[in-house]
Structure formats: C-alpha cells, structure tokens
Amino acid sequence: MNPADHQLDLERRSRLGMVEAIWGEHKSVDQLVRILDALALAGEVILATRISADKAAAVQTLLSTAAVRYDADARCLVSATLPAADRALGAVIIVGGGSSDLPVAAEARLSLQAHGVEAELMLDVGVAGLHRLLSRLEQLHGARVLIACAGMEGALPTVLAGLLPQPVIGVPVSVGYGVSAGGQAALHGMLASCAPGLTVVNIDNGYGAAMAALRILNNRLSSGAAGGA
Amino acid sequence: MNPADHQLDLERRSRLGMVEAIWGEHKSVDQLVRILDALALAGEVILATRISADKAAAVQTLLSTAAVRYDADARCLVSATLPAADRALGAVIIVGGGSSDLPVAAEARLSLQAHGVEAELMLDVGVAGLHRLLSRLEQLHGARVLIACAGMEGALPTVLAGLLPQPVIGVPVSVGYGVSAGGQAALHGMLASCAPGLTVVNIDNGYGAAMAALRILNNRLSSGAAGGA
Amino acid sequence: MNPADHQLDLERRSRLGMVEAIWGEHKSVDQLVRILDALALAGEVILATRISADKAAAVQTLLSTAAVRYDADARCLVSATLPAADRALGAVIIVGGGSSDLPVAAEARLSLQAHGVEAELMLDVGVAGLHRLLSRLEQLHGARVLIACAGMEGALPTVLAGLLPQPVIGVPVSVGYGVSAGGQAALHGMLASCAPGLTVVNIDNGYGAAMAALRILNNRLSSGAAGGA
Amino acid sequence: MNPADHQLDLERRSRLGMVEAIWGEHKSVDQLVRILDALALAGEVILATRISADKAAAVQTLLSTAAVRYDADARCLVSATLPAADRALGAVIIVGGGSSDLPVAAEARLSLQAHGVEAELMLDVGVAGLHRLLSRLEQLHGARVLIACAGMEGALPTVLAGLLPQPVIGVPVSVGYGVSAGGQAALHGMLASCAPGLTVVNIDNGYGAAMAALRILNNRLSSGAAGGA
Amino acid sequence: MNPADHQLDLERRSRLGMVEAIWGEHKSVDQLVRILDALALAGEVILATRISADKAAAVQTLLSTAAVRYDADARCLVSATLPAADRALGAVIIVGGGSSDLPVAAEARLSLQAHGVEAELMLDVGVAGLHRLLSRLEQLHGARVLIACAGMEGALPTVLAGLLPQPVIGVPVSVGYGVSAGGQAALHGMLASCAPGLTVVNIDNGYGAAMAALRILNNRLSSGAAGGA
Amino acid sequence: MNPADHQLDLERRSRLGMVEAIWGEHKSVDQLVRILDALALAGEVILATRISADKAAAVQTLLSTAAVRYDADARCLVSATLPAADRALGAVIIVGGGSSDLPVAAEARLSLQAHGVEAELMLDVGVAGLHRLLSRLEQLHGARVLIACAGMEGALPTVLAGLLPQPVIGVPVSVGYGVSAGGQAALHGMLASCAPGLTVVNIDNGYGAAMAALRILNNRLSSGAAGGA
Amino acid sequence: MNPADHQLDLERRSRLGMVEAIWGEHKSVDQLVRILDALALAGEVILATRISADKAAAVQTLLSTAAVRYDADARCLVSATLPAADRALGAVIIVGGGSSDLPVAAEARLSLQAHGVEAELMLDVGVAGLHRLLSRLEQLHGARVLIACAGMEGALPTVLAGLLPQPVIGVPVSVGYGVSAGGQAALHGMLASCAPGLTVVNIDNGYGAAMAALRILNNRLSSGAAGGA
Amino acid sequence: MNPADHQLDLERRSRLGMVEAIWGEHKSVDQLVRILDALALAGEVILATRISADKAAAVQTLLSTAAVRYDADARCLVSATLPAADRALGAVIIVGGGSSDLPVAAEARLSLQAHGVEAELMLDVGVAGLHRLLSRLEQLHGARVLIACAGMEGALPTVLAGLLPQPVIGVPVSVGYGVSAGGQAALHGMLASCAPGLTVVNIDNGYGAAMAALRILNNRLSSGAAGGA
C-alpha cells in the first residue's frame, strides 16, 4: 500500500460526533479522488475544504460517484445530499462585516449543515456602522451559538459578546493589509478582548468554529440524561 | 466625582448572566477598596482577580466588609459566601499538566464557583506521560465542559479534544522559557491544533475560560424551552 | 560644559507652537533638576513626563523654584501655574474604558492644559458595555477632537470613529497580558481599524496624542485668515 | 437576497461626512459591478480602491453607467465627475520621497478630491537629500494638513513634523526589502518618532490618511459656529 | 573559472561520513547540471533536494549521465543506484500525521537510503486520533532512531518522546494556515516540548533530520572499539 | 489530597531510562520540599533544576533528608551521591564560548552525571578566536556526543558540526542584548545552520540536551543485541 | 511635469562621492527609460539594480542610448563603459559561501566597479567546511575591506572578523527556508556576532555594502592631507 | 583549573589590533576580579563594559591593582592610564540626540580612547530640531569616522549619511517605549535607511561601533605601504 495515502479516521463520528473533514489545500487531485471515493464507499458524509474551483472540477471528473457537489462560496466539495437539519439542536448564526468574510463564514455554515445543524449567515453587521448590528439584536438572541467572523481589527466578536449571553466563537479572517495582513491583528484583538467568555479559533478556520459549535449543541443533548439524573 | 473611578457595570448579570469581575493587577489598593465596597453595597458577588497576597491583605484591612476572603491558589479576593452549586447545570473539569498550571486553573474554578457552577481540578495529566491521562477518560466523559490549561508546547488540549466529544476550551499558561516564555508557544499550538473544535482564550485567562464555559452551561438551560418548542 | 547635558530646544514654541516636554523616564534626578531649572530660568512652561512619585519628590527638593507641582495621575512634573484655557480653541475629550487608562489619559489632558487647551476625561465607556458609550454621544459631539485610549483589544477608537465625524486619535495603552501585553494588540487593532480616518500614536503616548490634537486646534486658527482670504 | 452582497452604508455621509469607499482588493468583478451600479443608482460619489488595471477594465465593461473612470496612478475606479474643490476648506499637500510612493500618495489625493478637497502631490523630498525638502518649506507652510508617505526607514514624516506646525499624518509605504519589506520598519519608525504630534495610519492606507485629513478640515468648519459661541 | 560555480566539498565523506547534498531550490538548471556532472565524474553518490518535477526533467535532459532518477515524493534527483542498506546500522522510522507530511518525510527517507540506511515511513499516526499511534508502539520500539514530522501544532514528537526511549528528532512541517503558516507553531511546539530529550531541526528539513540520525547510527559503530576497551 | 501537588512520574525510568527532573523555577519552597521528600522516600535520584541559591538553602533546611546538595554552577539541587559513571556508555563533552555559558553547560553535565554518564566541560572555544577550537579537535573526537552551548549569534555548533562526525546538540543560551536578548538569535542561527545534522533544543535547556545525549548513548547499548541479531 | 517622475539627485557625487543608483524593483519600464535617459544625458554613470532579465531587455529596447549593458549575475543595468579601477584605493574582496550568494555579491562588485574600485568575488568559503576559508587567509589579508555575504545562519562574517583585522561588512542574504527564510536569521546572527567591530547592512543590500566600502576607501584619501598634517 | 574561568584571548591585539574587552553584564564580582587581575598581570589595557556602579565598587575593592578606574557615564571599568591619542589616526565624532544616548555614546568613546584614538561626543543634534544638526556640519566634516547613536525612530544616522561622505556607523539605542522599546524600531530604521552606505551594529553596542571605527582607522595605516606601492 502507498504509505502516503490518507488513512481515514472513520471512528471519528462515534468518538467525537463528527465526520472527518478533508483539508484539501495541499492535496493533489489524485489524493483527493482516492480519499473521497473511499469516504463515498464507506457511506460517510463528504466534506473537503479549501479547494479551488479548478481543482474541484478536476476532482469531480475523476470521482466514481456523482453525489458530490462544489460549493463555490465555501470553496468545498460536499455530499450532494446532506442530512436534514435537526431543529431540536437549535440554530447557529454566523455573523460578519462584509463580503470579504464570505468564504470563511460559508465554510462554517456548510460544515454545520453537513452535521444536520441549522445555520444562517448575517454578513452586514460590521462595527464601523453599529446601527446595523444594534437593529439585529433580537434576531441574534434567537441563536444558540454565535460565530463571529472578522478581519481588519476584529472588533465584531467583542461587541457581540458584550451585548449577548450566548457562546460566541470568534474567527479571525485573513483579510487586510499592513498590520492586519494575514489576520494577525484580528486574532490578537479577539484573544485580548475585554468581553468575558469569548473564545477564538485559528485564522480562517470556519470549519473549526463549526465543530466547536457542534460540540456545544451536541453537548446539550448528550448530557441531557446525565444532567436530569 | 473622581473621573478615574471604576464605573461598575452592574447590569452585566441581567445582560450576560455574569457578575463583573475586577481585574486587580494594575489597580491600587485604594481603587480596589472603593470598588469592592461598592460591589458589597450593591449586594453583588465579589470576584477580584490577579491580586498578590500582600495587596490582598492591604485591601482586606481597609474594606468596610469582612465578607471577602483571599484565595491564595487563585490569587483572587472573593465573597466569603458563594452561591451553592446548581448541579442541574452540570460540572466543569479543569485539566492541567502540573503544579505550574495551578494559579490559572484555580482562577477558572473559583470564577465558576462564584457563578454557582460545580468545578474541579485535575492537574496531573500532562502529555509527557499519557498513561495518566488515558486512565482518567471515563471521569472526563462525565463533565459537560472541559477547560484544559497548558504551558510549554500546549499539547494537552489537542490530545483531549481528539479523545472526547465535549466542548474543550484551551487556556495557554505563561509558564516556560525560551520559545515558550510568556505562553506564546502554547497559544499557537492550541490555535493550530489538528483536533477539530478546540477553542482558545488569551494566555493565563482562567477567568475568561470560565465565562466561556458558563455561556455554554447557561445556554443549555435558557434555550431549553425554545429548543423544546 | 558637560556634553551629556540636555540642550533645550527653546525655539520649539515659535516653530511648532509647542513647549518642549521633558521625557523623564531615563533621566536621573540630577539631569532633571538641571533641565527644569533651566526651563524655569527661561520662563518657559515646564512639563516633564513619566516620573515616579519618588523621583518627583527628590527633584522637587533640589529645584531652585517652588513653582513646579507633581500630578500623580499623569505622573508628570508641571508648572504650578498653567495658562488659562483658550475656549476659542474648542475642547478635547479624552475617552477610555477604565481606570487602567488613567495614567495615559491624564498625561494627555495635562499636556493640553499646559498649552491652554480645555480638556476633560471620560473613562467609563468601554466597548464591553456599549450602552455607556451610546448614552454619551451628544456630549462627545461637542468636542473638537477626540482622543481615545484603550488597552486590551483596543476597539474603542474604532467604535467612536464609526459614530462620530471629528478627528479621532487612538492611543494604545500597555495594559493587558498574554497577546495584549505591552499594548501591541491594541496598537494593531487601531491601525487595522475598519473605521475611516482614525489615526494612531505610539503605545502609552498621551503626550503625543495631545500634541497631535494641538496641531489640529491651532491649525484652525492660524489658517483662519488664509482660509477666509 | 444573496447574503454575500455588500450592504451599502449610505448613511455614512450624513453621519461622518464621508462617502463609503469600496475596498476592491478581495472583491470579484461581479461583486464590484453590483456595488458600483448600486452606488450610481443612489447618486453617490463612487470611489473603489486597490483595483488592478485588468480588473478595472472588466468592471467598466459590465457597469450600467459610463460615468466611472479608472485612475491608474491611484489604482482606483472613481466617478468621472468629482465635486469641485471647496477652497475654503484649505489644501492638503501629500509628500513622498520618490516614485515608489506614487500609488499610495495618489490614492490619498484622489480620496480627497472625491470629497471636494484641494490636494497636490510633492514626491521628490526624501530625507537622503535634505536640501530638496528644505527648499520647499514655504510651500509646505501653505497647506492646512500634510500627509507624508514613506517606505524604507520612514523618516520623512519625522523630519517634516519637526519643522512644521500643521497636522502631519504619516503613511508607511510597503516598499522595501529585508527589514523594510511590507512597510513594518517605516510604520514603527513613524510611531516611534521623536517629533511631537505626528499621527500614523496603517501601511499603504492612503485612503485612511485622506479621511483623517478630511475630519480635520471639516472639523474647522462644522465647529466654527460652536467655537465662536 | 566562473567564481559563481559551486565548489564541491568532496572531503565531506571522510570528514563527516556524509555525502554533500545539493540544495536545489535556488539553483538554475545550468548550475545543477554542472554540479551533478561533476559529482558523477567523481564517482560520488548524487542527492539534490528541493527540485520541482519540471526542473528535474530539464536537468535530466542535459546531464551527461543517465544514472540519475527523480523521486517525485521527495522532490529529489538521486543516483539511480544507491548503496545497499547496511542492516547492522539499525533502522530509522519516519513518522507523520498525514499526506501533507509526505514531501518532508520522503526527503528524510531518501537521504538515509543514499547513505545505506534502512528507513521506512509511517504517515498515519497523528495525535488527533491517538489510537492509531498507540497501536503501533511495538513496531516503533524496533527502530534505532525516530524522526517525527508534524505541521499544525506539532504535538506528535512530544507524544512520541513521552512514550519511547530512543532518540527522537522532530521536523516541523510548513503545512498549515493562520498561526501555523510556515511551520512556526510546530517548530515552537517541538522546542517547548515537555518531553525530555526531544531535539529539533529547521522547518521542512528532512535532509537535516536524516543526517542527524546518521550521526547517531554511525556513532555507534565508530566508537564501538573505544567503548569495548 | 491537594490537587495542586505534583504527581511524580516514577515510571519514567522504566519507560524512558530517565529519572524525572523537577523544574524548580516556578515552584515554591513548600512544593519543592514535598516533591523532593517524596522522591527521596521512593529511593529515586533527585535532580531539581533552575533553583536560586536562596531558594535552595530554604529547601535544604526543611527537607527530611540531608542527602541533597546544591550545585551552584548548575543551579540545581541534586542527590549528594550520584551513580558512578558507566564508562562503557562513552563520554559527552559540553562545549561553550565563555563563562556566560556556564550555568547551562553545568546543568547539562550534572543531568548526565545523575544518569551515570561521564561528562566534561570545555568552555573556552568560542568562534571569535578559532585557534582555541582548532587546537582541541583531537580531544573532541574522543567524545561520543557533543553538546554545544552558545549565546550571541550561536555559531559554535555550526562550526563544530562542520568539523566533526559525531552527534552535535546545540543549546542556545539566553545571554546577549539587542537582537540576541533572550537567545533568539542563537536559536535561529543553530536551526538555520548550514552544517548537516545539527539538532537543537530550547534556549537554556541544558537538561534537555543531556537527555537527548542520554537517548543516544542508551540507544547504542539497548539495541546492541537487536542490531547484532 | 509629471509629479511622479523621479527627481535625480545629481549633486550626490559632489556631496557624498557616489553616483545615485536607481532601485529598479518597483519601477515600470517607462519610468526606468525616462530615468536612465536623463542620467545618460547628464553624462552620469548609470547603475540600476534589482532588474529582471525581461525588464532589462524591454528597457534596453526603448533607451535612447546603446551604452547600457545588462549584468545578469548582478541583475543590474549599467553603463557599458565603467571608470578604470583606481588601484591606489586598494581592493575589496567579496566573500560568500556558495552560488546562492551570487546575485548579492555580484551587485556589490558591480557597484564598486561603477565607482572605479577594484573588487573580486570569492564564493566558496562557507563555514561548514572551514578548511576552504583557512587556506585563503593570506589572500584575504590583501584586501582593504571585506564584504561577507551569507544566508542560512550567517556565521561567515563572524568567523572572518575573528580572524582578520580589516573592516568587515556583513550582508545577510535572503536564501533559506524555515527560520532562515527572508534572511532574518542571518541578519540577527551578524548583528549578535561575538566578533568585535563587524558592521551590517540590510538583507540582500549588496549595493549598500559597496557604498559603505567606498566611504571607507575614499575616506583614506580625502583625509590623507589632514592626517599627515 | 576551574573550567568556568574566562580564558583570555591575549593574542587578539596582534591578530586584530584590539584588546579584548570584558563584557561585564553577566559576570560575577569574583569572575571580574580574576579576569581583570589576569589582564593587569599581563600588562594589557583593561576595558570591562556594562558594569553597574555598585558592582564596580565591589570589584575595585578586591582587585590587586589600583590602576583601574570606573567611568560612570560609560559604565565601564578601565585602566586608569590609557594610551595617548595617536592624532595621525584621525578623530571619531560620536553623535546622538540627547542625554538618553549618553551611556552608549560614552562606551564608544572610552573604547576608542583605550586604543589611542581621539574621540568626542556631540549629543544634542536630534532630527526633531534639524537646525542644531545643520549648524554643525562643518565640524562633522572634520572627523574621519562618524558614529551615530539614536533611540526612538533612529533617523539620525540616515540624515547624517545623506549629508556627509565619511563612514557612518549607526548604533541603535534601547531607549523608547511601545514600538521603540528595546531599540528594535531604531535598529530597523537604520538597516532600512535610504541613505547609501550606512552600516549598523547591534542595539546599544557602543563598543562594537568603536571597534568598527578602529578597523577603519587602522586600515588606513596598515595598508599605507601597499597603497603607496
């Protein structure tokens, strides 16, 4: 067997309640085809992130299955049919300041949808015009978890976490220039936040924020019995 | 009125479900006395963090109330009487690799206890001797949220989040030297983690990790009705 | 003559409209005494910054003049009698989030007062509780220039500059820990701000922010004639 | 509606006295066309920055309006007809050391012109040949605000602010190599400046420097009545 | 003679027991052809690293010898015939977490094989699923030296060195994004490791790790006589 | 039991062939006393590093055993009686450039001696006067492993590894100022070394270098039988 | 006149004894043509650095003069006829470790030749094989100034300055990967050098090192009279 | 013999024309006494840098010789009798912006005087008031080498090297705060300088700048014969 092949961690769903997402950025078309075919064969949900449109098309041509579609906003290859949303889990709202946050926010949304979680985007609530955010507070109160994506100075999660009581997961976005190039200023701004209880994931890690939200949502159900005991 | 006085945010409990902790590190004894007396007068739970034993003693001498005790492990001044733990919320386990993580872990535990959350420490499960961690997995499964404190390379939260399905909040600890001085290596290690859904707070921010855990615990109850609707 | 003596730049007032402030941090008591005595002899306003209470007391004991007082909030030695505020210049409001910003904010206020500018502090408007800031907008509209001091993630100047049309000068404050230690996160957050037209000075540079405000205030008058021509 | 669409902040003019510039760097041709058409429909001045010549041509082909031109120096798409300069506001001079500063300086000039401000470039006054700068001091005295662009070590704004009393806004330019690659050395040099009252914006942020200058110029007029009261 | 030509260090084998590898990344096709022909002429083993497939093909076309093949996994040009493995030296196992580590791990393996060392890859033992690593411990015990390649947070060498007594050489891999971009987080995680006796080489330096392993393997033999005395 | 107590990893010797060293820097006198007494009770060799003379004296006063001495050069508390050197293991030479490297080099020597390894210091062979190093080459050839300590630019391990075939472990030393403050320049210089097969440990980590050497020395013997099979 | 045009500093020769080199990296073909034609018209020596072969060809096609040639090693456009070497100035030797240092070393040599200085390259004396350097010491003694180019860990100038009494100017070269990517490790290694009196220029700044050498060579002659007085 | 003792490099004078300065910062009183006594015994000039007044007094009490004095400005212990200045070497002027540069500048001056070089300080010529510098140009022309010390943004050496043709050696000074803390901004500003031929030494390295100047001065004489040939 080729030692460079990806060994799928198919036990991940039973251990952690998650499917194993494939990080596509550094993988070749051939590697991706082998991995996705194996996942399809195992009957597992497919989610491969960080894939350009060109690479996606090349992969789709070679796949044994047609049940994989490309989501251009999220830059992911994903099972054409995802599980229906389990509304008892509650919903996640993914907040951002503008169209530059779209790829990261859409990756988070799709990652949640691949696990049967209801998720929606709200991408026009940056802190440079607070009125747009303040007018949406009631809607935001309705979500069980908030994921806040922000580039530049990354102040949006801080403002949100100062206004709302839910779990808020900050995702720094690598959009910016000068001191904000690569997302470092946003990352540090979120970690240094004066708002209590804001947590943070790596820059551009929409998938990771979704999995953190999933841990929170699942946690409520899985420990329901224990908690009630 | 002295413009430098701290303006208490007494609405925080109703808005966010949290009391306002006082960050004591840069405050003078006089400032702390004024603030803690005001909190006591307002009947609010007192939690003042990052206070040395000497400064705490000086503050206690000057306070109008005797109902404040010093917790030397957590380096906090705290109400002598804290709310009883609400077991329906579930418990938080705070994990660490050794005695160097104690101040941060104890700050997290005390911050949770100040909000009526059951919390316990487990400080001997570093990754350099995995057997100690693996023998505790069942106990760890029982917690609703895990807070993992680690200095040095900060690998503990990664290992935990690869083994367990709950929310895991990583707290980098500023213990180390050379490249790990100040906790930067641990912080970056946690953010870069290959384990899905690990979230992170600022270095040494035990209080912040506790508040993030509290958001998760409260979230379950407060949205229980909505989720069930 | 001692080549290490400070050569006063007494022409600075005519060239730039400013007195020369003495940066006291690295100067010995003897150096400060020589410099302040020379300024007093020249009839110039005295402003020496970054001086501890102990060093200030030692300097005051040795000075030839008694007309110098110590401002403990601003940590400055300053002429006991400052010029009256010239109200035609308009006022500056110095905004901050808490008592930790006091030394920097007070240095800015005192530096403006030493040049005959009306200046006031507003230190309870952090972004973790936006309601306090939003309730003060009208008062803030009345200032000609806003100086916004912030440590931690430094989001306050961004929020201000998104709400108000005046010049806003951000001053990062070296209060924080972990990624915000030393004020770097606040500095980068301000430079990366998504709010248009926010400018920034060095960390803790209350004096510099004041001089930038003074350039703006003086500018209006000095070019008044030209502008009206 | 497409959640990734840019939500225009058309209230910005009334709130801040500025039009909303569109940061074009990370936007697709389609996104830009939709946004610029919406702005044209709303009758607003158009200013879209950081756009390559190729992308600009593609956008212009698809726009519904012909009233948008490309400024190759500033790398901006801008309304073909800009407001006439309001000379009562006074003029801004944008200073630089050489042709490498042109894109940033021209972005600042165009941003000011889009708001009816008289602005001119002076790009041959670097500090390696001080005589060129010293011979222009009188001309520089005539401006109400100076914007100083510099890459490499970024010393130009320091020298200017030591010689002239007006507001000086430093713009670090990302031209350089080694330690000056990306503009960090210039940024730090400006922030660390020994000249009093110099303020700084993010690297390459010509638009931001222009908006800071606009706040200063507008400030004079808008508060004129109040100041005279 | 052209002063820019590479001067081969043909004495390296006698001095250090190593052939001189050619670092191909910054060399032109012409430079590589001249160097490899010279090595072939001297009868030395050829190992040229960091060479893209295209450059390799161009070099092979121009070489005077056909006895050089391209190893696409390791991105190296290498003598078609390598010395037989000397089993008395013992074996090296090169461990990694996934297919992204392949280029670095394969460079290490090939570098060892070029010196007659038995080496094998084990690339599916990442720490996010510890069970895969724990099930291989016996196999790992059989190696004389372990080379552990890891990107992201780089925790794998720490876990290995806590479980196994052999020399463990960590190789950070420049695979990641955000804080792990370029391999810095993995590097610092390995240096900061709480596992005793882990050593580290530069990011992506598979060749260097192999040479460190070779020094250890050779050392055993060369000092055998002395040790037995 | 106090959860902050150190849980000794007494199995470390059987698993890794090492005793567990106690990192004393952040531990209180009380914590150290408890730990060292427990180790003494278990009959284990004691090695506690990074302990000042004052703290050591306080600990020694409180210990139940007198069999612990303080090594001022290495700043360690250590069993008064160490195992005899096992000459069959071969010797380690610890090289440095001057007296500033002494604490780190002595920590490495003592850590080896605590495991029965012969180790000696050679601290006058800096690269600014190469003749001293070149005159010692024969002596250096006699060691099985070389540990090279260097602050400043850290070039010594590079020069050694270019001249000698043994394993060379570089230890950056946090002696320096400006760019070499904290040992970063030395660390990077060693990692970037052009000498093949040099490995590196964290700054000032004399203990870690010793354990890496021990892994190499033990490895030879423990795999001797297997190698011969 | 186009304000973006380069204003030539033709007085530089009389003021500093240097011609003004044109930094070609960020300049367009049109800008370079205008500048080089102006220099040719002024009868000045032409030296334009950091120019790719393609850009050079495009410029040469458009130039009014044919007296400009392209030096591919140095990546410079330069006057076809340079001044004869003035041997009374003495010679400069430019040292490096390998062919990767060639572009920087050749830029230094050409910059010296453009000022009538004798300069030669010696590019095979890296520190990983000291014998090559030690065998050339006599030749190196003959130079008046040494320029030492080095990437990776940058130890070469340190070794040289420890062996030879002349002025040694270190030039870090941006060749490397991992911690040496971009030349930072080499830069810091040279600045931190334990060899007394080594000076350093920016990464890859071959031209700057040449001008520093020229200041030293010229200095000898220009102050000759004064020195003899 | 104690292996930690400093091995004096007494051949340095013959090899490099320099005495070996003792870097006193990390050395104990005992180590210094042993070293200085050995130098005195060898009849060598004594120069020990970075020594506090208290440590100096303790050393002087224990020295066998009284011929060592403490220079408080330079913070050095130095031979009471230094060689007479050799005027044929020419003079060095050490320039700075203020009294904060004194310790570094004085260390440079004393280091030159210890080698028989005439050196003087000029510490009032900062770039925030250029007139003071411009009025001294003629005096500065008289020096053979200029050493320019600067903290903050470090622009002084750039301005000098643009105005004067001599060798200019920049010494960044670790005076500042925020981005200039530790001297990094000054260091990068000097390396990134747009002035041709400026060289730089490590932060605060007055001794190194002096030795670089000495290499230049000596160079003139030692190669005088060759140059005249």
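Labels for the chains are A, B, C, D, E, F, G and H, by order of writing; each one numbers its residues from 1.
The rule is short, and it goes like this: contacts are C-beta pairs under 8 Å (C-beta built on N, C-alpha and C of every residue); 3 or more make two chains touch, one makes a residue touch a chain.
Being a predicted model, the structure only gives us computed values, none of them experimental.
Separation of chain C from chain F in touch steps, taking the shortest path, is 2. Using CA-based centroids throughout, the chain positioned farthest away from chain D is F.
A separation of 51 Å divides the Cα centre of chain A from that of chain G. If each chain is reduced to the centroid of its CA atoms, chain A and chain D end up 36 Å from each other.
Between chain A and chain F the centroid-to-centroid distance comes to 45 Å (mean Cα coordinates, whole Å). For chain G, the set of residues touching two or more other chains reads 15, 128-129, 162-163, 178-180, 187, 191-193, 196, 202.
Chains touching one another form the pairs A-B, A-C, A-D, A-E, B-C, B-E, B-F, C-D, C-H, D-G, D-H, E-F, E-G, F-G, F-H, G-H. Residues 15-18, 21, 88-90, 142, 144-145, 162-169, 187, 191-193, 196-202, 207-216, 218-220, 222-223, 226-228 of chain C are the ones touching chain D in the complex.
The part of chain B that touches chain F in the complex is made up of residues 73, 98-100, 102, 106, 120-124, 128-129, 131-132, 175, 177-181. Across the complex, chain F meets chain B through its residues 3-7, 9, 11-12, 15, 23, 25-27, 31, 172, 174, 182-183, 187, 202-205. Contact residues on chain A toward chain C in their complex (touch as defined above): 97, 126-130, 152-155, 158-159, 161-163, 176, 178-180, 184-196.
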